[in-house]
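Shared between the two complexes below is subunit A, which pairs with subunit B and subunit C, respectively.
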Partner chain A sequence: MKQRTPLLRWFGIAFILLWSLVPLYWALNISLQTDAQAGSKPSNYLPPTPSLDNYSSLLTGGTDLAQSVQQSSVNIFIECAAATVVTLVLATLAAYAFARMQFKGRRVLFYAVLATMAFPAYTTLIPLYQILTNFGLVNTYTGIVLVYVSGFLPLATWILHNYMSSLPIALEEAGNIDGASRMQVLWHVVLPLARPGIISTAIITFLFAWGQFLFPLVLSSDLSTQPLTVVIASLQGRHLVPYTLLNAAGVLALAVPAGIALILNRYIVSGMLAGSVK
Partner chain B sequence: MSTSLRIKQQPPARDVRPAPGKAGRGRRLDILPYALVTPLTLFIVGLALIPAGFTIVEAFFRVQPLNPPDEFNGLDNFRQLFADHAITASMGNTAIYVVIGVLLSTVLAIAMAVTLQKEFRGRSILIAVLILPWALPGVVEGIVWGSIWDSNTGLLNSLLNSFHVIDHYMVFLGQNHFLTILGIELVQVWQITPLSTLLVLAALQNIPADLYEAATLDGCSGWTTFSRITLPLARPGITIAMVQAIIATLNVFDQPYILNGSAATGASVTMQTYFISFQNLNFGEGYALSLLITLATLAASLLVLKFVYRPVEF
Partner chain C sequence: MISKRNRLRNVALVAGAAALSVAATGCSGGGSSASSQTKDVTITVALFGAPPPQKSLDEFKKSTGITVKWSTIDWDSLQTKIAAASTSNTYFADATDVDWSRVGQEGKLGWFLPMEKYIDQKAYAADMPQLSSFTSNGHIVGVPFDASYLVTTVNKQMFAKAGITTMPKTIDEYTRDLQKVKASGVSPTPLNIPFNAAEGLSTYWYQTTQAFGGSILDEAGKPQFTSPDSPGYKAAQWMVDALKNGLVPAGNINVSDSQGQQTLMAKGVTASTFADYSGNVGSLYDVPASSSVTGKLQYIPTPGLSGTTANVSNPDGIGILKTAKYPEAAAKFIEWFTSAENQADFAGASGPDKVMPGYFLPSRLSGLTKLTSAKGLAGGQELTSMLKTSKPVFPAGAPVWYPQFSNAVYTNLHAAAAGSMSVDAAIKTIADTATKLAGQ
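The block that comes next holds the complex of A and B.
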């Protein structure tokens, strides 16, 4: 038994590495090849003449395809950044009230917020489309950001509420005795202490926004607001788009979240766990 | 990380408001907390609760934007859904997605969590690599795995051919019904397993080490230790992992949409909701199907909670 356990663990470690990395390696490998190389049988397991041509044609090219990838990359950054900032601000204010203040309706409201997390997000897909249509917000940044914020607020509020509740209250009381207002206490005492919780909420919100597909598919009708995910999906449907370019576009779309996940993973783990215990 | 699973019980809120009476009147309504929660409330009511109410009510209405008027039509939407072969087929497909996805992600999550249970060098790097697929957009995962399943140039065909398992390239997606769903669901499993693993791992790290020491002293085999200690005590984590897998798989959209288009071999109910509502513009039926998916999700989650969950005390 003493020998079998480490062997099993090595097997597990190897499995996790291969499972997570092989598909990503494969997309990268294809994206560095020419069409002819990528079409060879058997496949080239390493790019024979690695080249960034696919990337440069997407990022600097003037074709329709390149322009749609460029514009939708700008869109996805704007939408994710705006949704993250608005969600964080509103969730921080509400979480502070829930964690540290007594008021009528506090419990009911808090449970109502949590209850919305039990429903699948797509429950509200059609009504949100109708509501945004009525307000003229379909195919606008505002519309998309409003929908994202409404979707991410409950989770963000929940994570931040738990984080703030776990902070020692003595410092805040000291602030009060010194005559600081509650908003000054929030700004100067609570926010600095809650920084890890805020970072983790921000990252989780940003990653969720980056991964959205069905909502923007419905709520964005053209390139003025479509995020990269929607454009990549539409390229995939067109058989004229070379397979190597498609993989290059895919690698571009996953470079940002993958970088965040690898570099900031210690913040993500706590947020993921907090987020799923609803 | 191990503490995160116990956040159900919250400490009571403590008021940091300055002692009343300073302003002279002790009973003045404190408006600050209301001001702080108002924006959140507007979002939740306006963009979550009211829309959810819409879905429940309009499921019983005829709603076709290009073909007014909207009128109450009882259970007609539901009847039409069940009379439509594409819809009932998608329900069958979704059931297979759920079964494969929940089983596979749970088994993999337990195996990976056990691998990560004990501290070792490089463990935190391995966790970073583990969560990678969770962080990526489902659409891009569909593209990436499409290059693995591809029938002309895919990695899987190339490997199987090189090892002489097959002598000509195969079509994995879009022909054989079960193979199609398995291939698509594996991509979703790739995405949801990291979270399941962390949930199980968090439960494993609450297990006291002396239980394992006692088992070793008693001469228990590795398997006995796993099946008598690890597995039962990980049940709370496994339950939550299964619930999140059910929610994800019952609502699967990105992966089948990208990998198999609208083809009946792999269409899910959420895809059908999208097609009915935004291609056929029959919102009433779309609402009805959304409502059914939501109810199925809640029911399945509750079933798992009832049959898998057992409270664990140390």
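The block that comes next holds the complex of A and C.
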């Protein structure tokens, strides 16, 4: 088969990069402009006089806006971190059980867990809302974290199951021969080996939780639990849209997941590919 | 064989799961514990704008004993929350937004308590011309708090430069004047129509249809725009022709209503918006931070077929959710929130300390009069007379299926403007959608 020419390959790479990065650049560009500059015709492809005023409005001072952004930033970190930790603990145990333990209905249960990923998440919104209301968990960290965990657990279990299945079983058997219990084998043998898979699952779960909007919108009712994604949407007025401010808020919300993706991208890729090659 | 211990464990697991399911889903929602208490209670008010000044809310608390917890949520998200809470019969706020376009839907589904139980309907109707827009099945679903109606704005300086000093009174005069502005080179594309496929395009068409002397639907929901001679058809043709003839910027195919106002009108790119928001002159075009045409724009009585025409209203209201914890207290808040004095204050009649950020115009005639006399509201006299004669888009109230209908309107008008279908085909599709929805 004839190899593609480097030129064509570079063209493809450049196209994908532009496709992905231009919107992000445009958000950054607008966020550094004043309203007048952002609305000028023709558009400014570079900020004429770059200004951090929009970021300053969002982050500093004691204004209601700054307080909202600060509190919702704290909320989103707490909710994402807690959801990630709980998901990891449960998914690790479930994945290990599905990968290594023999029990009746193992395959059916495993595929049932995977099948839940096929359901549109939104179909569960109203029942979850009712359940959380009945348990008094609406507008609480616990309620939001539980919903996140229920949503992300199947994917995390699947990724870790694939990873653990690809580990050599001989090491675990050696542990068993040495008298280690199953939990000791899991803790001292499997988890250290599965660390890359666990890290990638943690990153993927955290990023998924960070991008949530509809569920926290419905399940939170004030700033005590609203994450940054919900607060950013509320900046939009009924008749007036503060474009520069919205873009700055968008860039802020993007900074954390973008940083994680850039620094830890090899873990994300390995997590996604876990188990694909034996 | 399963051991006894295992069997017991399995039973316990199933029983636990069942108990959890029953506890979780067996109970109905938590919206049935309404209290008539109005003293020493805290109500939640969820609206899309910033709250009134804390000082005003404190005064309200002092006089009524009601503490207001304000939740700001953007309009689209708010509709999602209202639907989610009402569908699952759960509490999320006592008072919240009732948009004119959702009145039919929300009224039929019974998501809001009838307001006539709490207000003097006759007195309110006399001072609030838009109250009729909030009636569904004979009940008042909400009370308008912010008057919004579609008005025509004109950059008088650009018109004057093109030699136009007398403002147009008919659609024909208006079209000729726009062509004159274009021909003079003052603005190569003088008219702003937001052709982006969004609600703003639908409401623009409703106002233009009104200007051509007609309405969109009759009381039974039957489309009134199918004939090429009908006002709705002519309005759609006029809008699309304006784009094709270069009166409207070609890029407007993807411009939303607020984008057009903020980036075209406020920057002096276009000279007129036929269906603009009431209040935009004072809150956007005359604000130096957001406009390069301060003092140059004015409202004009909207040109019609043979003279000026009525303005179509699209107000925002506030109502009491059926799942409210304190309906009586919420009613007291609504009465206070929509009083003439507060409306005028929120719009700036008593100085910046009492301004409610983002508040546009009083829905009460008395509030608008007070505001006009207090601070010389830009175009106050014009706005007051327009509010008096403003008309609801649907005289019989917005139909239950309005969201689907509006979607068909803006999708097909956008397609006609983009050239992917003819105006005739677009109108036919919109009419077919309305007929199908009305027949369900």
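The rule is simple: the second predicted complex is superposed on the first by the 257 of 278 C-alpha atoms of A that agree within 3 Å, B and C clash if a C-alpha of one lies under 4 Å from a C-alpha of the other, contacts with A are read in each partner's own complex, and residues count from 1 in each chain.
Throughout what follows, contacts are C-beta pairs under 8 Å (C-beta built on N, C-alpha and C of every residue); 3 or more make two chains touch, one makes a residue touch a chain.
Owing to the predicted nature of the structure, the values given are computational and were not obtained by experimental measurement.
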Superposition on subunit A - do subunit B and subunit C clash or fit: clash
Comparison of subunit B and subunit C by subunit A residues contacted: B
Subunit B versus subunit C as contact partner of A:L114, first or second or both or neither: neither
Which of subunit B and subunit C A:L93 touches, first, second, both or neither: first
Partner chain(s) touched by A:Y243 [first = subunit B, second = subunit C, both, neither]: both
Partner chain(s) touched by A:L167 [first = subunit B, second = subunit C, both, neither]: neither
Which superposed partner A:A66 touches (first subunit B, second subunit C, both, neither): neither
Contacts of A:I78 with subunit B and subunit C, given as first, second, both or neither: neither
Partner chain(s) touched by A:R182 [first = subunit B, second = subunit C, both, neither]: first
Touching partner for A:G39 - first (subunit B), second (subunit C), both, neither: both
Which of subunit B and subunit C A:L191 touches, first, second, both or neither: neither
Common ground on subunit A, meaning residues reached by subunit C in one complex and by subunit B in the other: 39-41, 125-127, 129-131, 214, 217-218, 230, 233, 236-237, 243
Contact footprint of subunit A on subunit B as seen in their complex: 1, 4-5, 7-8, 10-11, 13-18, 30, 32-34, 36-37, 39-41, 43-44, 46-52, 54-55, 58, 108, 111-112, 114-116, 118, 120, 124, 126-148, 150, 152-155, 158, 161-162, 169, 190, 194-195, 198-199, 202, 221-222, 240, 244, 247, 250-251, 253-254, 257-258, 261, 270, 273-274, 277-278, 283, 286-287, 290-291, 293-294, 297-298, 301
Complex interface listing, subunit A residues touching subunit C: 35-36, 39-41, 64, 125-127, 129-131, 133-135, 138, 214, 217-218, 221-222, 230, 233-241, 243
Complex contacts: residues of subunit C adjacent to subunit A: 23-25, 27, 29-30, 44, 46, 48-50, 69, 71-77, 80-81, 84-85, 87-93, 148, 258-259, 261-263, 266-267, 269, 277, 279-280, 283-284, 289-290, 292, 316, 358, 360
Residues of subunit A defined as touching subunit B within the complex: 1, 4-5, 8-9, 12-13, 15-17, 19-21, 23-24, 26-27, 30, 38-43, 90-91, 93-94, 96-103, 106, 109, 112-113, 116, 118-131, 146-147, 149-151, 153-154, 157, 161-162, 165-166, 169, 172-173, 176, 182-183, 185, 207, 210-214, 217-218, 229-230, 232-233, 236-237, 243, 246-247, 249-250, 253-254, 257-258, 260-262, 265-266, 268-270, 272-274, 276-277
